[in-house]
């Protein structure tokens, strides 16, 4: 079945996530009813994947087709399924959230006192070794950074991890902890 | 890394007779700490904590007439190991997915390099004694290392009073927040360490290291002129290492420049754009490490380091390709 | 709302065809990622299918805290790792020459199933596509480069190129047509 040029253009725009209004409905309908459109969409996506160097050498790979029977046997969801599940998760989360927030508030107040202490006694709260300070673990949680790169795409995070490995290896030298960050970060 | 840099700062004060912003007592302690880290045999477990994440790492360190051999093993998650045998560092990653082998030019990062590193760091940090405490069941003396400007972080160390070994290190931002901690939870000192304990376990017999590791690397050969100019660095930072890393069977070549003030360091990575394989644009962070990515003259440029976010951004924004006229 | 978010919501509301579209969009990337762990290409396809099924079953719980692809990527990685654990696979033999101090050895790149022939096909395909782009009219080439190489949105490209978004869309479409024609020529008709 022939596809109009305009429909081709919609498929291309889908690759870029740039559909407007009801265009997604048109693409979904094309996909369901027109094998030629499906193949063309696949090829457009393949071209993009080649440019990004994350692809396997089969432009006509169609896992959706391969999985059609398996997916047909799976449950069909409804909006209430999703809503109920999300609601069910909120309640336990709230209890933990408030406990943690209390802990953080406590840690924040300790830190505030410590800052005043620093100004008065030139002593950082950070100068208490882990073995000595009962609240030190909470304090550390309150102040330090996240465990993953704050980026949108996982490939970018992986690239940064590669750089971080090289940075830690080459920038490091001797000392008990010198390569610890290399071992500790690892791959995620 | 940081511990040695710090030790280097102190030792340089002693060796050169320059007392910048440090008292004699803290200087002496840092010197003894740097020597202890190199010369003692020890085995223990330490934690690496950043945010809510804590990793446990086992370290085995042996020093004898043949030099220094050190092995670090991750105790959490996928197995990872680093083995340093004098100037050869081998890093084993999960599932044997990656093996990095680095030959560090002799002199770089070793006791013979102490004086140079100390000189470079001494003007940019204030060193003083802190209070006493306990780490891994042992009495420790605190040492405070504060940066003199906002472009780098500070440190706090706890040094074992009996052996002078560094037992805990905190990386601290300008507000006094702890960004990262390394701390021993258990340690045995002055023990016999067999060769078996220093062999990798991850991929066992499936990794064969060939070649003569005792041949020194000619560092002059590794220093190629770069076509990149770094317009701004924090005061005291200079180029300390440079390499081009190729990935076997891939087309990617990445140029890496390492800059350091003797204590803190950043790496600049430059890679020609061949495809948009996902690259950092702007800032990001992971634990105590900040990164900044941009595009310059059809190259991806990324700056990574344990320095404040505004520092990596300023460095990254100052990078330019050297024109033919300037070469 | 992004297209991915809209598709996820449609799946959560019962539209399985929306999930098909998500599979088509990310299948190459997911298989590629999995191949880094599971070296056999046939096995990698099986693991990828398993990952997509897991994603479908977990999608009612996906709340959009991260991008859909990030979430899917993690499922793929975990599925691959579990597969390896179950099969107790070991890394292929590596001979690391100590003199190659600047090399990083990636086991995935040395896998037994990476034949010189398949690497040649990849190289030829990538080079051919880059040549196609270079041979396009300047505006068309610029549009596809800004989109694919610099990740700009259509709106951002329209600002840079000082043209309407509709023009950006059609230029990129024409570039994709040219690329698709080259792929068809090189890989053969189905």
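By written order: A, B and C. Residues from 1 in each chain.
Operating definition for what follows: a contact is a pair of C-beta atoms (placed from the backbone, for glycine too) under 8 Å apart; a residue touches a chain by one contact, two chains touch by 3 or more.
Keep in mind the model is a prediction, meaning the values are calculated, not measured.
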{"item": "Result of counting contacting C-beta pairs for A-C and A-B, higher pair", "value": "A-B"}
{"item": "Chain centroid nearest the full-protein CA centroid", "value": "A"}
{"item": "Chain centre separation (chain B, chain C; CA means) in Å", "value": "34"}
{"item": "Centre-of-Cα separation between chain B and chain A, whole angstrom", "value": "28"}
{"item": "Distance from the mean Cα position of chain C to that of chain A, given in whole angstrom", "value": "16"}
{"item": "For chain A, residues that touch 2 or more chains besides their own", "value": "51-54, 153, 155, 166"}
{"item": "Multi-partner residues of chain C (at least 2 other chains)", "value": "104, 126, 148-149"}
{"item": "Sequence positions of chain B contacting 2 or more other chains", "value": "97-98, 100, 102, 243, 245, 275-276"}
{"item": "Residues of chain B touching chain C in the complex", "value": "88, 90, 95-103, 203, 206-213, 217, 243-250, 273, 275-276, 281, 295"}
{"item": "Touch list for chain B against partner chain A, complex", "value": "1-5, 7, 34, 37-38, 42, 46, 48-53, 55, 57, 59, 61, 68, 70, 72-74, 77-78, 80-82, 84, 89, 91, 93-94, 97-98, 100, 102, 104, 108-111, 113, 130-131, 133-137, 140, 142, 144, 156, 158, 165-166, 168-170, 172, 175-184, 240-241, 243, 245, 254, 256, 258, 260, 265-267, 269, 274-280, 284-289, 291, 302, 304-305"}
{"item": "Interface residues, chain A side, partner chain C - complex", "value": "8-9, 12-19, 24, 27-28, 31-32, 38-57, 59-64, 66-67, 70-72, 74, 76-79, 81-82, 85-86, 89, 152-155, 166"}
{"item": "Residues of chain C defined as touching chain B within the complex", "value": "36-37, 84, 89-110, 114, 119, 126, 148-151"}
{"item": "Chain B contact footprint on chain A (complex, rising order)", "value": "51-54, 111, 114-115, 118, 123-132, 139-141, 143-151, 153, 155-156, 158-160, 163-187"}
